[in-house]
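Chain nomenclature is as follows: A, B, C and D, assigned in order of appearance, with residue numbering initiated at 1 for each chain independently.
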Amino acid sequence: MEEPMTDNHNRRTFLKVAGGTGALGLTGLAGCAGNSSNGDGGGDSGGSGDTITLGGSMSLTGDNADLGRLYKDAYQETIDRINESGGVEAGDGNTYELEMVLRDDSTDASTSRSIYQELIDREGIDYLLGPYSSSVTLPASAVAAENEKPMVEGGGASPEIFSQGNEWIFGLLPTANKYAKSYIDMALAQSPTPESIAILAEDGTFSQSTAEGARNKIEQTDLELVVDQTFPSGTSDLSTNLGRVRDQGADVLLLCAHQKHNIILANQMESQGVNVDAAMGTVGSLNDSFKGEVGPNGDYIYGPTSWDINADFEDPVYGGTQDFVAAIEDNYDYTPDYHSAAGEAVIMTFVNAFQSVDELTPTAVRNAIRDSDPFSTVYGDVSFDDSGVIAKNMLIRQWQPEPGLQTVYPSSVAQSDPLYPMPDWSER
Amino acid sequence: MSNTPETDDHAATATADDTVLRTEGITKRFGGLTAVNEVDVEVHEGEIVGLIGPNGAGKSTLFNCITGTLTADEGRVTLQGEDVTDWPEYKIARAGLGRMFQETRIFGGMSVRKNLLLAAQEGGADIGGLLRRPDDSLMERTNELLEYVDLGGLADTRAGRLSFGQQKLIEFAMELMAEPDLLLMDEPAGGINPTMLENLIDYIRTANDEEEATIFLIEHNMDFVMEIADRIYVLAHGERIATGTPDEIQNNQHVIDAYLGRE
Amino acid sequence: MAIAQFVVNGLLVGALFAAVAVGFALIWGVVDIINLAHGEMVMLGGYTAYWLLSIATGTAEGSVLLFLATIPVVVGVLFIVGYALQRTLVSRVIGTDIFLTLLVTFGISIAIQQLAIQAWTANPRSIQVAFADPSMVVGGLVVPKMKLVAFAGAIVLTGILYLFLQRTRTGRAIRAVSQNPEAAALVGIDVEHTRAVTFGISSAVAGGAGAFIATILNIQPQMGLIYTLKSFVIVVFGGVGSIPGALTGGLLLGVVEELTAGLVSSQWTLAVSFTLLIVLLVVKPKGLFGTGADNEH
Amino acid sequence: MSTDPDTSGLLRSILPPKRLDRLFDLCGAHGWKLIGAGAVVGALPPVFGLREGYMMTVLSEMFLFAILALSWDIVGGQTGYPSFGNMAFFGIGGYATAILVKDAAVSFPIAMVGAVVAVLVFAAINGLIVLRLRGHYFAIATLGILLAIQQVTRNLDITGGASGKILFDVPPGIVFYYFFLAVLVVEMAVVYYLTQTRFGFILNAIRDDEGKATAMGFNTTYYKTAAWMLAALFTGLAGGAYGLFNTFLDPQTAYNGAWNVELIAMALMGGTGTVAGPVIGAFGLHTIIEYVESSFVGWQLVLLGVAIIVTVIRFPKGVVGTLRAYANEMDYYERGGMAATDDEEVTTDE
């Protein structure tokens, strides 16, 4: 689970050779059934002919190459399956095959911008797949708006992307300001009902957005915000801040930060004798490596996720979530995570819109995406609010001593109930 | 005044007009140590004056107080009739004080020619002068000076590549370029071979005779200083113990005692 | 009471800053090098302890005694690393431009840090030391036991270094080289070897501090820079080459940071540290205990 | 510490020092034409159709890095004050432009003027503090100021805090391509001209021996500050444009720590204290880093570290300096050997 905003990389990720890796067309990957007709494509396939081309830039090399691959594989697998089963029956009465052009931006904003500009100008592409990470998505979304082409993205979760009044961008990840919402709802549903909450937030973009969202949420509840502290990313000691949490007797603790600080949190809660009823870290708290570092100190800690691999949602292409998981595992030799599922939903968002428009134009497709009723994908139900963000809340998972990581909220998808309140350190 | 037996004998012989440098009661302490104690010196136009004394006598400290490198704790320094005691070092230099260092300091990373061009005062500090490229007359002057000190072929060589003796000549040529009212030289004869020493004595003499250069120099090489100086000051333990012509100094009992180490 | 707690928190981490900074001060004083790779020695020390425990127990967890048993090994390994760095790389730029000496240690810092990322990933790690009851309350102040152990460890490391310099033959050689390398060479001291030993013991103490840091905070390949900079602040405060100065400076920096975090806001702690550095450089360039930092050349 | 004896044998047969020396003389005699030719060549690619995309960005960034390295060298190489905090100028320029364009809604050119003013004011205050220090203290003080500014930027509202500034509606890439090229050409011309003037000589004199320069009557503080402001001016211009070029600015990008090292490494590898060196270093190192990053992902910073170590130990004079030393290796003996009666003391390096 990577943070969707790469504000933490300490150097500029350099540009790199794009080109070649791009025009994959339909020339299938090993393991995909070989229905690869019309793979020579490219060109002016936007509105006419029997092919629709989706184009975008993605982190295919560099620091985030591993994550970029999750999107690329999910896109490709989904498009291949759709074409195998005959393509998309669009609302204009024609049937289209899908084609994808994906170029490498190595998480560099200016490279990404020029790729999108080129895809639109040179390749005549009308439907854009978003890039990875918020800082790349933001400028890319501006290109989409300038050229009036719809962009659907599953890789940027900063609220800034959607607060610019841009009507051409749609995001499938709940934005950072929603990360804490479910957690607070969950805590308020427990007994004894918590009365006070503490926020400790790192001074990075993403963490600050998360904290801001949490503050807004808290205002709508009876919770009292007893500690609200920001600390620098470079800080490696939270003991003074945790001392505050302890002295103020906060019932619920929210740490808006990355894995490094989650580790410090878990260890220093113990050593500082901080006994809260619930504690959540926003990013990196659900990783195996987090739990590996902190051992039993990580028990009872919560974390948010936008997708649960154990869920089962219906999907018109795969059948259901578990079929999607199996397909990725079989064809690509790894277990998909929420990036993969969001990638699948990006394609399905376009497909759903193509099916419902009378004529295939960027504006019509944009309107169809915006006005669509919720539809089910392996990722869950998809529909968008007025700003273009998916109408979806985070799921909450918790490290439980037995059997381990469990989805605990909302109850409709929960594997077990949250262990609340967490036991005092002296009783463990 | 000082507790030396000498009284000021030169005040009578010199008129106020031609005094280039005058120090009055210069005192400099480092912690508990008094390096220079109430020293008075005077240098008149066209003179070559020597400053001698055993190691640690405070000669270089006195120089540093004159140039403004150090600020004297007490006393005054007057240059060409102007009180420069509290001036910053660069301003004193600009007022007409040149200095050659004991260890020879030139700009090793720059060409020999640039070293000389830098020393020329014509450019000045005004923006126009700073941003103009050196003109032909200046270039000609550098060529002349380099020829004069026999280093004409090295104009475009990096100064740092030159031998110690050559660097000393370049430093001297820079002072000829700058034409200061008063030139302080710290052990000019130190560390160079006899042939070059001969040349150097020649150059200093010529500068003194023909350009009427005024020179105040520290020296350990007694033969050299006795040969070249018009007058000599002697420092010991930070105090002026004698002054006079080379002959007078050579026969002065205080000086002999000081060099033999008697208190 | 709250202020007392902040001060205690500050002293507890400040001792670790001090243990890191003494080596930095020593190298600066003796070899006249600002070792920008000093923070990487802290990092390597932390990882060495981490892997030793992992090998011994299968996980990076253990009792206090087991953890303490790794310290001599960490110190030994880092001594070798420091010694080798000086002998193979740093010695080649001694006496040249200061800028080149800074750059070479900066290059070493980047290379070690990035190799560590390649070898161990950028994930943060920490050593878990098991205590029956991890924190204790003394007079109303919360004192985590492991922090107390780390505090004591840092003080002991610093003390040993101090005694080593004062009492041993090698220590005297180091001090001689620091005062006058030429004279030291004349009386038969192997200056190159002595400088390398200085690098070695400085790295060793930093590495030992790194092991303690791994238990109470965490370790990451990129953690070094912040410790190097803190060392610089401390040494500017305490004086180049001065071990008592570095110890005082470290404790004080810890207290200042925690007081800022407690009384103002923790988001300003780093800004305060760096501003303190600049102010100190301007008003007190030779340090409060200045023994010979030369501002010129 | 000059040329490597192993390779110099081969080099000697292909390119004897004499010929290289003549080449240097030729370049020296036609400096203005070379800069002019460079400007024309730099302006050509867009004329022949390169208007966007990867190569366009790479070239723009090469110009950008050359500006940064050359600016660093005005103070670090020419004046001998190696700053480890030049990115502070870049960040201030970037933020000033971003705030003016986004919050005050002024046009790009006017915002650049504002950015220049902001950077110069900052440089003047900053210079007052750090230029009193020398050596280690100067280097670390500049780094400290960079980090302090970064922290302050993180905590202010006007800069957008840690989230930074997003800039929409920016000019197209080609505008920045020509902007960076123009700034670079102007800067090269300015530095080249200054190296031939008294002002340039004084900067070099401060580098070689500041005490002596003072003793010769130069108020070195005045000249150091002027050089410092000049470096700040060009770095700030580059930063001001970069924010818009990148469409996004946060404290991490604006005060980029890796760039801060790269720009020094570029000047060092090309050859400090020269006009061509930092530019050659920027083009060369940027190309290498690009290549390594695409071919050996994750190793580019290892390479940077190793490259710095090797350069410092083997070629501290950089490409230009090493070649020049090689070209001039004989001239001392040829031109002045007869005068060198006691030349056992020839110092080969400072």
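Assume a contact is a pair of C-beta atoms (placed from the backbone, for glycine too) under 8 Å apart; a residue touches a chain by one contact, two chains touch by 3 or more.
It should be emphasised that the depicted structure is a prediction, and the values quoted were computed from it without experimental measurement.
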Where chain B and chain D overlap in contact partners, by chain label: none
Those chains which touch chain D and also touch chain C: A
Chain at the geometric heart of the assembly (C-alpha centres): D
Averaged-CA centre spacing for the pair chain C and chain B, given as whole angstrom: 49
Geometric centre distance via CA averages, chain D-chain A, whole Å: 40
Rounded Å distance, chain A centre to chain B centre (Cα mean): 77
Junction residues of chain A - those touching two or more other chains: 10, 203, 232
Residues of chain C touching at least two other chains: 267, 270
All chain pairs that touch each other: A-C, A-D, B-D, C-D
Footprint of chain B on chain D - complex, ascending: 194, 196-199, 201-202, 204-205, 207-209, 211-220, 222, 273, 328, 331-332, 335-336, 339-350
Complex contacts: residues of chain B adjacent to chain D: 67, 69, 88-91, 93-94, 98-99, 101, 105-110, 114, 117-119, 121, 123, 125, 129-134, 150-151, 153-154, 156-158, 160-166, 174, 178, 192-193, 195-196
Residues of chain D that touch chain C when the two form their complex: 1, 76, 82, 84, 129, 132-137, 139-141, 143-145, 147-148, 151-152, 154-155, 211, 257, 261, 264-265, 268, 298-299, 301-302, 304-309, 312-313, 316, 349-350
Touching residues (chain side chain A, partner chain D) in the complex: 7-19, 61-63, 65, 106, 109-111, 113-115, 117-118, 121, 135, 138-139, 142, 158, 160, 164, 203-205, 207-209, 232
Chain A-touching residues of chain D, taken from the complex the two chains share: 52-54, 56-58, 61, 151, 154-155, 161-164, 166, 168-169, 173, 245-248, 250, 252-253, 256-259, 289-290, 293-294, 297-298, 300-301
